[in-house]
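Below, chain A partners chain B and then partners chain C, in two separate complexes.
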Partner chain A sequence: MSVATSAVATKPLRKRFNAGALPWIGPAIAVIVLMVLYPAYTMIKTSFMNIDETGTSHGFTGLSNYRTLFHNPNLVPVLERTLIWTVSVVFFTVIISLPVAQVLHAKFPGRRLVRYALIVPWAASVVMTSTSWLWILNGYYGVLNRIMLSLGLIKDQVQFLGSPTQSFAWLILVAVFVSVPFTTYVILAGLTTVGEDIMEASTVDGASGWQRYKHITFPLLRPALLISMVINLINVFNSFPIIWVMTTGGPGYSTDTTTTLAYKITFRSADIGQSASMATINFAIILVFIALFLKVSRWKEND
Partner chain B sequence: MKKFTRVSAIAASLALGTSMAIGVTASHAAGTTLTMIAADYPGDGSTQQAQWTDFATRFHAANPDITVNVTVKSWNDIDQYVATQIAAGKTPDVVNKGDYSAPAAAGLLYPASQMVSASTLADILPTFLNNSKYNGTVYALPDLASARALFYNKDLLTKAGVTKLPTTWSQLYTVLGQIHRKLPGVYGYALPLGPEEAQAEFNIWAGGNGGQYYDYATSKWVLNSAANVATATYLKSLVSKGYTEPNPDKCDRTACAQALFAAGKAVFINGSVFLGSWLKSNGGAKINFGTGSFVSNTGHKAVTLGVQDYFTAYKANGNQAAIQKWMDFIFQPANYAKFLVAAGGFIPATKSAGAKAASDPALAPFIKLLPNAVFYPGDIASWNAVKGQIQQGIGQAVTGNPNSVLNSLQTQAAAAK
Partner chain C sequence: MSNALVSTKKRFTGRKVSLMISGWTIGLIFLAPYIEMLITSVKSKAEILAIPTTYAPQHWTWSNYVTIWKQLPLAQYLRTSIVVSLSATLLVLLIAVPAAYYVGRNKFRGRTAFLFLVLVTQMFSPTSLIIGIFREVIRFHLVDTWLALILIYAAFNLAFSIWILSSFFASIPIEIEEAAWIDGASRIQALRRVILPVALPGLITAFIFTFISAWNEFVIALTIESSPTHQPITVGLESLIGQYQVQWQYLFAGSLIAIVPVVILFALIEKWLVSGLTAGSVK
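Take a look at the complex of A and B:
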């Protein structure tokens, strides 16, 4: 008892914080342990185990799952594609969101309505959005084919999701469509922090519109932009539903990313161990992204 | 402190004793509970749940000490569901789905001789039992089977001026060319090499050229055999001429190929026993179709694909006696007939029901083709994994480079456990 009291006396804040906060942070800790740490632990453990397709475990096999994965002929193209996918979706999202946010920041009649409208693709379930696009693009009955035929833009029906390159381009387009609202809102929030007085002052100093944007608005937007980019990187990298609903990664494996490949290895090729090692590598890549995110946040704090 | 421990120990042991006692009485009163997971056959929107509930209710009435819980799952979900149940330690007693070799190889299954009584086993057609073996022992009971036939749209053939059905690859090539010229917007052959059932479509074509997936003589996967490469090359020639729908590697059987046939946009299609009834409930009621034998390359016999599914019984819960009673109940002729009706027009796996089916006009053409049926190498433990790889990849053999695609599939199959 006496020892405890002296500890409280020397480090009062810390000690009291630990004991007192536990009931409050307990549920959060429990959720993190049960829903994040335990599954991650199981995933990593599984990647070192030999589990057959019936779900029976045959014990540890060392690195053999990783060896199988590295010999998988689809791995390298899929990794390359995942990089293209993530970078291009995030790039186009930001490029489109910047002007859109600028428009929504300006005052015009009906702005509130336009702002609400932009939330719709964000609020709608991604599976729902992707399913709509799947049917819009359908090669036999799709409405896009109908419109383009009527306008005389095409002579024959086009299988928009037929060839690997074309369907991958459509996937990127849909992913950008789904990511733009969130990004726009983050940038919009950033824009509201840009003080009116600075803008007025620069106008008085004779700065043109573009100069004001380049030298004042854009630099002040950097924190918002970085955060939205990192969150988007993580989201897009892990994105499963758009690809799965629209192409199931096909034809073949030609529109798969690492996430859909991991799913296919389990549920199509019935190789749970190899899939777990794919998921573990995915997890490692995401950890790098998160480390980046933390660094970015701290950079903002110090600023 | 000591006292507390002793009290709690007594309490614990009491609690344990009580629960054990309850456990014993409970099992005496309730008897055995069997869990069964069954795939849902009907493709017309109905389900087999009612049939299985009826079976379970009547079985329980006749055997009050055995309760059967049947979970019906769609074909899309069942493999994953069964694997998850096993991994979670909730191994079912009976499963009804399309494969058996992996659990048989893992030593999880009762042999068929312990699943049913000798008299029931004697009623099952030997052809189907032969396809249910692992290492020489029958580990699964065939529940039913299906076969494929070449379906054709009679009206479209007349419009295109085709009077004689093709029997060889070169004749088919000519006929498809004629259709292509005379009927713009109509595809000669609907070629579903998308993931849903690419393994079936390719197996039939390869079979007509003497090709196969697995060579039993050398115990090796032979996906890139010369016969298979030649098959893919022939199909690629049809695709590049526009004789099939574009992008066959994206074309799934139901949503694409059968839908094209139902819409009168495809002349020939590989159809299963249930395609006729499927057309009726999917907008193709007006299609005037005929069925015939598949085509083959010169010098080879035309084949059909026989597909059989299985009942398997798991040892994990040790309910062998109860399982046997339940399986015998399912195979009683009156019950088995109900099962076939609920599943929707398949070929029966028993001699007694098979005799009746031969006179059924809807099934007769398929039963006639059965002697030339090839089956999947379902008795090879890695078949399920290889099947998944074929489904994903083989479509690209007819849109890309046949050689390299089949070589890549062969490498993956050889590595599959």
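Take a look at the complex of A and C:
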């Protein structure tokens, strides 16, 4: 009955408003074109142009900026590192967020306060959070050194950000730290849709906790996981402040990702053309990343 | 029978205790860097450079907060942060609500193209487009203005808001709206009086996401805003990071002044957050 009425009532209205999609979506299109697509177009165009340090253009140079970039000895290691960075941060974020969400979904005294605590890294500026970590990890005055000395885990002060490999591991840890809260909340939202009655029914059926999680909860969380992973993938790949604050991609270029490398080429080498080509390649990479991810997770099948 | 009851109860409380322990540990871990910020912000300069460092301050130097407030134009920075973030957020809602409503409710020609456009914007970050943005800002004489930041922040947060709101609008049964139409309400009236109140969690979520991302943005503001009167607090605090020496106590006091208001704002809407994200995570 209600379906029939709705069909009757909707039809003339749909028709009437159909011609007028533009007033509704027009402003959004305008802002996107002006503030996102236009800069993107400018950037891609710039990647084919010869621009000097003062920002003056000397016309098109074809692929010369890309050629310079491909001859940059730092490019390949940085690309490899970017892959490790993105994949490991997203992976560990999800692996940690799943149990955290499970705990915060259950009822226990003080849950509200713990949830408040979890939103702090989400609400706080990543620049400031990274600065705090930098201070905690300080090789002379940092509190982590003190804690580890007190526990007898180390005998002398340790320079946690001393070697490139160690620094990079800490950068990944901090990136996971700031990504977990958002991811946990998306999973929490997914958990609320699982529904108490399904869980109760399966408990009555004698399913163990783990079985229930594996066969009922986890499959139902798929949409939430997929969305949080895509968003994390984009954010982590584009992430700039953590690396910039903690190591500025150094020593040398040893902890750079493509995002910080592009920034370095812009503002240190003042090579605008080469930097634009790096940024253009970045965008191509993120497109490939997402296409691959959606293919692997068989997004279409789910639709 | 009573034995069985007791053992269930025991297991139950045991579960509760382990939940409590893991829950509180999680909370503590995620608060740790901010607790350390607070501790450092009330240490004296001499104590900060003590080796090994002290866990708690020996002298609680709360005057650091007064000093930083006098040393830097913090009120000015905060004003910029508030004006820019609020304007960007309102602009996003003003633009995203009608678009999301239309997309969530209608099938029309160009719908897929529009959604694709939105998805593509989500993939860009302002940092990755910095060269393009900077050249555009120069071209339109928007260097060192609030307007540039407002427009940029609004544009880059539009996608998420449209996505979350359109799933919300799509999840509201059309019958609710039709009842209003039958009562003689126009479509816009129905949207305002019937749909928006139901979509409130989605609206709040979109609001808070945009506000926080605008409040915390750093790289674009650093690049575009050169005069202190136009710099938000994230950039303003940068001046405390010298080339050779960082004034940690002041840096962290200033950081906490910037962090606390957003955390309170966020905490106030926490209970809406899960339901706000639910529509988006199911769709």
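Rule of thumb we're sticking to: the second predicted complex is superposed on the first by the 259 of 303 C-alpha atoms of A that agree within 3 Å, B and C clash if a C-alpha of one lies under 4 Å from a C-alpha of the other, contacts with A are read in each partner's own complex, and residues count from 1 in each chain.
Criterion: contacts are C-beta pairs under 8 Å (C-beta built on N, C-alpha and C of every residue); 3 or more make two chains touch, one makes a residue touch a chain.
Note that the coordinates shown come from a computational prediction; the quantities given were computed from them, not determined experimentally.
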**Study point:** More chain A residues in contact - chain B or chain C
**Key:** C
Review point. After superposition on the shared chain, which partner residues are touched by A:Thr131: those of chain B (first), chain C (second), both, or neither?
Key: second
Check your understanding: Where does A:Ser275 make contact in the superposed view: on chain B (first), on chain C (second), on both, or on neither?
Key -> second
Practice item. For A:Asn145, select first, second, both or neither according to whether it touches chain B, chain C, the two together, or no partner. Key: second
**Study point:** Shared contact residues on chain A - chain B and chain C
**Key:** 55, 140
Check your understanding: What residues on chain B touch chain A, complex-wise?
Key -> 79-80, 82-87, 102-103, 105-106, 108, 194-195, 246-247, 249-250, 259-260, 265, 384-385, 388-389, 391-393, 395-396, 399, 405, 408, 411-412, 415-417
Practice item. Please name which positions on chain A make contact with chain B in the complex. Key: 51-56, 68, 71-73, 139-140, 159, 161-163, 247-248, 250-254, 264, 267-271
Check your understanding: Residues of chain C touching chain A in their complex?
Key -> 16, 19-20, 22-24, 26-28, 30-34, 36-37, 40, 48-53, 55, 91, 94-96, 98-99, 101-103, 106, 108-111, 114, 117-118, 121-125, 127-133, 135-136, 138, 151-152, 154-156, 158, 162, 174-175, 178, 181-182, 187, 212, 215-216, 218-219, 234, 237, 248, 251-252, 255, 258-259, 262-263, 265-267, 270, 273-278, 280-283
**Study point:** chain C-facing residues of chain A, complex
**Key:** 2, 5-6, 9-10, 13-14, 17-18, 21, 23-25, 27-29, 31-32, 34-43, 46, 55, 100, 103-104, 106, 108-129, 131-133, 135-136, 140-143, 145-146, 149, 157, 177, 180-181, 185-186, 188-190, 192-193, 223-224, 227-228, 231, 234-235, 238, 240-241, 259, 262-263, 266, 272, 275-276, 279, 282-283, 286-287, 290
